[in-house]
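This report concerns only the one structure given below.
The letters A, B and C name the chains in turn, as written, and every chain counts its residues from 1.
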């Protein structure tokens, strides 16, 4: 081969390399866009009735503020994702929605948290009743050391739900997309299940008490991709009858499943000692991932910052 | 997925989304109160102990001057014209404790150093629990051992230069048995303290050519010292409070001496003997029981307090 | 902490490390290696001797009782009642007394100790001063000499407010108070071993705190709690001094009952009585009774260990 030809060939190769590199860099963005657009083609949830209305919400542990200036609405039968880097108070905020922060003595919640128009922190409100209506699934699956049946039946039993327990358990497992797998071994210990199954058990357990809202704090972060996929499919099914709020580190997951997304960031205060979380932007998922308004949001969703 | 039964459970069902409690939940409050009362019972017990002791003790001190009690050297409370100086029985207690430590310190510390620095993991996992068995043997058995075996051995093999051999009862025989009983306390807690010393400290010394003995003596023991001292204080506290061994083997006559061959009466033995005898309630003899009991309680409380502070100190250094 | 030559503070670990290094260097410079090996060998031998003495002492104690009392071991020892004639004396009254006492101890200490442990672990806010006072108090009670509990029993239960007299229940209550701190400590450990995620999961479903404790936390902690109770009982069954003060000294030749004031005895008290008799026959009896007591303790502790291994929850 002549030198000229060799040079041209190298140029071509380099050109291809460069294109591949660009494709790789923007592929991340592109795939997010595709997920969000595919979303758009699904059934849109019906109306935008607010289940939660947050205004000026601030949470402090002792004297350190964890999140502040939180104000947005969570809509009924929507999946709302809270995304953002670690440590910006997403878990703290979601735990306000079912008063789990009450369990931490030093935690103080200020501002307004309205649930269907009622103040969630009002004087007559019973936190136990709140948690029946607003259920939670945790990051690490936490089944009880009992049989699958007893795991599901625990909630209905303590709440004194009427009806045939076998039917209640079956219904919850069916809704949790777990029935077919476990219907023949309901009396086996839940600890014998795989991680993904245990998490679906926890979701079914939550469904058994007939909640109105389901909160999920990074439900798939301890699971493999296949289990994650099944739970995401389950979430899309559950959306028809429940409102879901999910905290997730996984942007693609947020893009795949959620209808609305809130992007959190953390800010240092003046003396650079305290780090407080705030919501930068809250909008339709499609918009957040394709045309975000705030540069910080764009930097995060395009992967420029972690 | 099936359609959900909205008739049963849909959000349209009236009142379903109420946030108030369905019932006032009095049961929860009652249970919490009941449980708190159980926890408070422990305070009640301490108060009861103090009250039980203090009342008769104060009456005692109306008859006997505090200085006479604490510093007197004649203890004959059961005689009609008795003396109430408590030093002889305090000396008896501490004599037995001292001879116990003579046995328990080298054996206990030696075991601790061996288990912590020399023994393999397997040996340690077998020997340490075995030593704990010693802590579970009832003290009557130790008392029997002291009287039945240790006393004859001491009597038959008493070296002449130490003076007269012991009789049936002696502080030394009780001391040896007591020492054996407190070995697990010293060994276990000292071993814990030594194991808590970070390996980096040992390795630094080994790397410079120090021998195992030197590392144990010059590095580990100084580092674990507060834990070791805590174990000794705790062992002393346990020895001072022990009744059956001294009751069986040490003797029943107050005797102000530290000679291991002589019989003595310990504070606990005095209480045990006198309280089970014919002592009229409210008499000075009866009250002496409580005065000695108060002294005993105060001593062990103080030692326990010191030992807890020391344990906290050794935990803090490395955490 | 002390200050370093250049000023500034030196942490204790560094001090010790430097001391170790200095010692090692001094040693290597001053002494020849051979005497070090000898010294090291002697030291290790001394340590092994110490451990050996401890283990030998324990074996000797048990063997001594066995050899001494072997001739009297047998079913008649268990089933005969106490008697003035050492040939005919047996442990039945004492064994029955001990069993009854332990029943009373369990009935008292389980609700009280478990209740206190649940409150301290699940309800009490750790920063409050009165909760810390309770914790310190439990620790102190664990170190009080057993005879002081006897004084407590004498003053409050036998005489004083309760005025029950020298009856078996009084002995039970006194022993129960003695082992209460142990039960509280063991139950707290067992509760603490249950991970917080179980409590969170229960509460997140809409259970009240007591529902979560009663239905999830307690059942999971039961193996540890039962083990702790068995260990407390095995301590109580060997205690003599408090019982002496609350009336278990009477010469007993009949079956005891909980409330009669005819008197009662217990296994360790019977042993003590026999030990203090000068005659040889009583010495043999005492030794045999010690073997019975040690056998009982061995059985209980083995059962506790088996229970723990069989039912322990692995999280």
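In the analysis below, contacts are C-beta pairs under 8 Å (C-beta built on N, C-alpha and C of every residue); 3 or more make two chains touch, one makes a residue touch a chain.
Treat the numbers as computed from the prediction; the structure is a model and nothing was measured.
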Among the chains, which is located farthest from chain C on the basis of C-alpha centroids? A
Chain whose Cα mean lies nearest the overall Cα mean: C
Per the C-alpha means, the centres of chain A and chain B lie apart by a whole-Å value of 55
Quick check: how many Å separate the C-alpha centres of chain B and chain C? 12
How far is the middle of chain A from the middle of chain C, if each middle is the mean of its Cα atoms, in Å? 50
Could you check chain A for residues that touch two or more other chains and list them? 128-129, 133
Residues of chain B that touch two or more other chains: which are they? 25
Indicate the residues of chain C shared as contacts by at least two other chains. 208
For chain B, which residues are in contact with chain C within the complex? 25, 27-28, 31-32, 34-43, 45-46, 48-49, 52-53, 55-56, 106-111, 113-115, 118, 127, 130-131, 133-134, 136-145, 147-149, 180, 183, 187, 198, 200-202, 204-206, 208-216, 218-219, 222-223, 234, 237, 240-244, 247-248, 268, 271-272, 275-276, 281, 289-290, 293, 296-297, 300-301, 304-305, 308, 317-318
Would you pull the chain C residues touching chain A in the complex into a rising list? 125, 127, 195, 197-198, 200-208, 211, 215-216, 220, 313, 315
For the chain A and chain C complex, residues of the former touching the latter: 98, 100, 103, 105, 128-129, 131-133, 135-136, 138, 140, 142-145, 154-155, 157-159, 202, 205-206, 209
Would you tell me which residues of chain C are touching chain B in their complex? 12-13, 16-17, 19-21, 23-25, 27-28, 36-37, 39-40, 43-44, 46-51, 53-55, 57-58, 60-62, 64-65, 68, 111-116, 118-120, 123-124, 133-134, 137-141, 143-152, 154-156, 159-160, 177, 180-181, 184, 208-210, 234-235, 237-241, 244-245, 249, 268, 271-272, 275-276, 283, 286-287, 290, 293-294, 297, 301
Under the definition above, what is the set of chain A residues touching chain B in their complex? 115-116, 118, 120, 122, 124-126, 128-130, 133, 174-175, 177, 210, 212, 237, 240-241
